[in-house]
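One structure is given here, and the rest of the page talks about it.
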Amino acid sequence: MKITVINPNSSESMTEHIHAELERIKRPETELVVLCTEGAPPAIQSATDVALATPPLLELVRRANRDKSDAVIIACFSDPGLEAAREQSDILVLGIQETSVHVACMLGHRYSILTPLKARIASKEQDVRRFKVESALASVRALGMTVAETDADPMRTKARVLDVARQAMEVDGAEVMVLGCAGMIGYAKDVEKELGIIIIDPTTVAFKICESFVELGVHHCKKGLYATPLPH
Amino acid sequence: MKITVINPNSSESMTEHIHAELERIKRPETELVVLCTEGAPPAIQSATDVALATPPLLELVRRANRDKSDAVIIACFSDPGLEAAREQSDILVLGIQETSVHVACMLGHRYSILTPLKARIASKEQDVRRFKVESALASVRALGMTVAETDADPMRTKARVLDVARQAMEVDGAEVMVLGCAGMIGYAKDVEKELGIIIIDPTTVAFKICESFVELGVHHCKKGLYATPLPH
Amino acid sequence: MKITVINPNSSESMTEHIHAELERIKRPETELVVLCTEGAPPAIQSATDVALATPPLLELVRRANRDKSDAVIIACFSDPGLEAAREQSDILVLGIQETSVHVACMLGHRYSILTPLKARIASKEQDVRRFKVESALASVRALGMTVAETDADPMRTKARVLDVARQAMEVDGAEVMVLGCAGMIGYAKDVEKELGIIIIDPTTVAFKICESFVELGVHHCKKGLYATPLPH
Amino acid sequence: MKITVINPNSSESMTEHIHAELERIKRPETELVVLCTEGAPPAIQSATDVALATPPLLELVRRANRDKSDAVIIACFSDPGLEAAREQSDILVLGIQETSVHVACMLGHRYSILTPLKARIASKEQDVRRFKVESALASVRALGMTVAETDADPMRTKARVLDVARQAMEVDGAEVMVLGCAGMIGYAKDVEKELGIIIIDPTTVAFKICESFVELGVHHCKKGLYATPLPH
Amino acid sequence: MKITVINPNSSESMTEHIHAELERIKRPETELVVLCTEGAPPAIQSATDVALATPPLLELVRRANRDKSDAVIIACFSDPGLEAAREQSDILVLGIQETSVHVACMLGHRYSILTPLKARIASKEQDVRRFKVESALASVRALGMTVAETDADPMRTKARVLDVARQAMEVDGAEVMVLGCAGMIGYAKDVEKELGIIIIDPTTVAFKICESFVELGVHHCKKGLYATPLPH
Amino acid sequence: MKITVINPNSSESMTEHIHAELERIKRPETELVVLCTEGAPPAIQSATDVALATPPLLELVRRANRDKSDAVIIACFSDPGLEAAREQSDILVLGIQETSVHVACMLGHRYSILTPLKARIASKEQDVRRFKVESALASVRALGMTVAETDADPMRTKARVLDVARQAMEVDGAEVMVLGCAGMIGYAKDVEKELGIIIIDPTTVAFKICESFVELGVHHCKKGLYATPLPH
């Protein structure tokens, strides 16, 4: 099978990072294509970034359809353009947030989402409603660090991830944590061990679910929310 | 006060139509600017259209801020780019769907949304969750006609609007109907008279609410969901 | 247009206060009538007060209909008798709580209601369900001061409003505060400036929305929840 | 024990009817007082009727407290003045709607409420939210007959009750029916037998629950929603 | 009337304790049978315990039906096997959790459940959804003591019950506390007096409600969720 | 990897059927063990059947843990004993209903569950709340045929599946159908083709998701809802 993973920002280094990580976990027989979205912002940190990233992202989705991919994964936790991408695609399209919050629901009573900045909590709460899994949400909590700060100070980042995950667990009743930012993922195993909580890395989880869906031959419904638009 | 109304599609004729309608109802002292979104699709009928319309729309929002407008209205029932526009704007931004569903809640027990095509019902249901007014929703119902068909056959359109509004009222318990398409608005008064139900025209309602908000000096909060994005 | 504002308690001084405030913000062409409810309790601080205020309030609503008012506003945050008043009225009736919580929903992700006393939090939570906007509620928080105390000690009141608004914002995620008591309103601008949060004054917001609705010619539906009662 | 049942309307005949019915089912040792609310409307069929009935009703509640009753039941399906009555009372106050919908929840998966007129469906839906049992509601359905018509035509009434209960069961999935009008109660046993559904008569159910609560010594909490109002 | 109370664990001493307590509060004419579930675990503290207790419990339910009992009460706060017991029974079956949370809803704005151990909070939250009363839930809070510890240290238990009830009241807004463990019940009256909150003892409340239901002749619906299973 | 699939009923033929089906779709390197639950009822069609099947099922779960399986799947749409099985297991345990309804959420706006008999609709609605995915549920609909009838009359079964799926799609707005009974699965492809809707076969979907989860190394959280029970 052939899976196209689109990094919806224009960062080459992040694209390479995603590629390396997925290369490591993909099944041998899976053909992996990882694309960088030229013309998109260098990172997706706002609704504005989502808006600017989506048109070039849709081009890549259409290309993946033409290139006989079996599925597309949008590899950014905001799931930018997910609905439009499904409209433009006859092949399966998965978003890593939507996929990972549903997986979180299967692994414990309630889940929390961990996001870098407090100002983005509201946006994640909106997404939880968009994906209709608000009944199982324990909380959205923020590290209180920018992505740049998480890159610059691994010690502090790890301490914050541990601290915030502990609060989500003890105060909010979370049993599963969904990491809403790539920069946090390196600390997952240590935090799992320390707290006994489950940590979800959205990108790898979505990739493995995607392999399963392709094997099963399932894709999104093309009759309603994701119907191919009529031509103008 | 100066209000900029953005028609987020590229149709000059629809822009003129909105202009004429609002010119008729605006207060004498209100300065009205109505803009057409060049580079956007000619109509907004899908998530793809929303995605393609938003980047040029954001340009117009920024222009309205520079041009000392007091508020911006996005005049399309999908409220395309509403969150991003609020991020980009220090002045008030209103979407006509968000505004009109809240007004609907103030006028009766439950409301229904009337949309042209069945395939868009799911999208409207998603929007109702996006605006957090699902507790008062009676139903989303479709005319089963394209926008072009509603233009071409006024008799049938009127009959369908009446018929579907009646079902929303009698079967779903709606007391207020929100018209999710400009083409239906000409029939509102007749349907109100015939059924005793309230019909909301989102564009005019949002415009009048906008005049009130400007007088009050209120605008959206810039600290959370709509915070100005940090520069990359 | 002519708008009748009913203060549903018997306090002449509060009625005059409301009158003065609305006189200041009304449009020049709006005729403003502000009525005091003789026979009602001097303040509305309980379900009992609501019960005792409603019969004389309904008399005033009927009078406003006879006197060719275009709309009635019930100017108390408990929205006493709102449903009955709509039954008794062919003209628009607005409650200041219902109106202001919907406006709050349009201006930010979540809103909080600020109420004087802890014992009234439950009542406000009930009202939020009555108006079907619970999905956007961040919290109801109390100043922990009686109305008399807020009048007697402006310094402490201001400090409490600031403190409680900050908690609503930082702990509960509120982006908009609805002030559930007239005594707090004088501090709104300072708190807005300090916190960057939006503060809603229900009376003035409802008045401006009312002017818009009268201009639009909309009123509540008379076919269901607010149908004119059959004679006994 | 002594239980005061207040018929919150001014109909002597209905008061006597309630008295006779409860006399038949009360325990021998229970002292039963049934009061008619002078000054209230002759029937409670609107929010206006509720508003007019509540002040004299509160007088009777206070009298029951003075007269050493152990509990008060408000015997009208609108539960008029329930919150205010609890504020005014140190002894238990029960409403027949609140009590019966909770009992309905204990006896089957979902319940429906049967009400005389279509125009009152919205009001019952509001009450279901007021009592926070909306998650178990199957539907509110109307007979489409006035109370007078149900009195005048028993054959048609019985046929309608059977028919509407069947729809609630087969279409809406109700397993329990709550009869929202005294006039329907005579047909309950026949309908239960024919459909295998459970029929709840709110007045008798609330009376028996009340006897149990008095035996248990429980009453409503006086610290929050039902706190005794501070004097003005 | 004859009521069979089943203690679904195999503890003879707890069975005797329940028997003694109910003997004290039952009406003189009620015949009380209290059964211990041989073959069940000695206590019900997990889903595993529920699973192991249910088959022998169902035997006792069938015996109660054969023995002409009028009703069965499952006297464990997990309501083990409640749905299956209702399938197996033509006579009324009540669970003490389901009954007591509905009673809690009738006595105050919101209720909290108090449970011994933090690890069981999630399970109680699941039960609240099973019984569809999540809209009125303030919180589930844990004592942080095992059942054995509550038995061994009454002073500390009482202090913890008081402390946790106070938090439920002040932080979560609870007006009614449902005690989710027999070991806490002895402290109810003191806590009620100190806090002014209402404390519900599930076993006694369910027993008294059961007496009322038998008097009324109501039982659960046998047509849907609790239909008698078809033979294999 | 080694996956143990437990058919929680005692039917050898159904166990073989499941085995054959999964053998066909498993990855070559996956070791598949399919177990029949001796001592369980021959089919799981009621809460009673669930109760009787769970104790022997838990034995098999423990055996799978001892036998170094990587995961357990409970292959019955009622997900019998899922919570207890997770308590008893350090390895991943999946239920096919929980897994498939979450997958359904990822593939379309709303999903419906198709169940053989009308009497089991309520039970499926309860399960949807148990798994916290009620916000995305379109409906539960019944074929109106017993499992035996679906086996005996394939033509009628296929016609009914098509008819009911069409109603779920057109009346309820479902975009994805979850088949709640093994007997319906043979018709999935034809129905998908005819309606353009997505059909989910819970067993195969859960198996493929399980392979992914084992690859990812994720399992359920053992700290809260599924904590290993303390010994008695």
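Things worth noting here:
For clarity, chains are labelled A, B, C, D, E and F in written order, and residue numbers in each chain start from 1.
Here is the rule we use: contacts are C-beta pairs under 8 Å (C-beta built on N, C-alpha and C of every residue); 3 or more make two chains touch, one makes a residue touch a chain.
This one's a predicted model, so the numbers in the text were calculated from it and none came from an experiment.
Rotation angle, subunit B onto subunit C, C-alpha superposition: 180 degrees, expressed as a multiple of 5. Its interface matching that of B-C in over half of the contact pairs by residue number, A-F stands out among A-F, D-F or B-D.
Between E-F and A-F, more contacting C-beta pairs join the chains of A-F. Work out the mean CA point of subunit D and of subunit E, and you get 27 Å between them.
Centre to centre, using the average C-alpha position, subunit C and subunit E are separated by 43 Å.
The geometric centre of subunit A is 51 Å away from that of subunit D, both derived from CA atoms. Contact of a single residue of subunit D with at least two other chains is seen at positions 109, 121-122, 126, 132, 173, 175, 223-225. Looking at which chains touch one another, you get A-B, A-C, A-E, A-F, B-C, B-D, B-F, C-D, C-E, D-E, D-F, E-F. Listed in rising order, the residues of subunit D touching subunit E in the complex are 25, 27, 94, 98-99, 102-103, 105-109, 131-136, 169, 173, 175-176, 195-198, 200, 204-205, 208-209, 211-213, 215-216, 218-226. Interface residues of subunit C, counted against subunit E in their complex, comprise 121-122, 125-126, 129. Across the complex, subunit B is touched by residues 109-110, 173, 175 of subunit F. Partner subunit D is touched in their complex by these residues of subunit C: 41-43, 45-52, 54-55, 58, 81, 83-84, 86-88, 119, 121-123, 126, 129-130, 132, 146, 223-225, 227, 229-230, 232.
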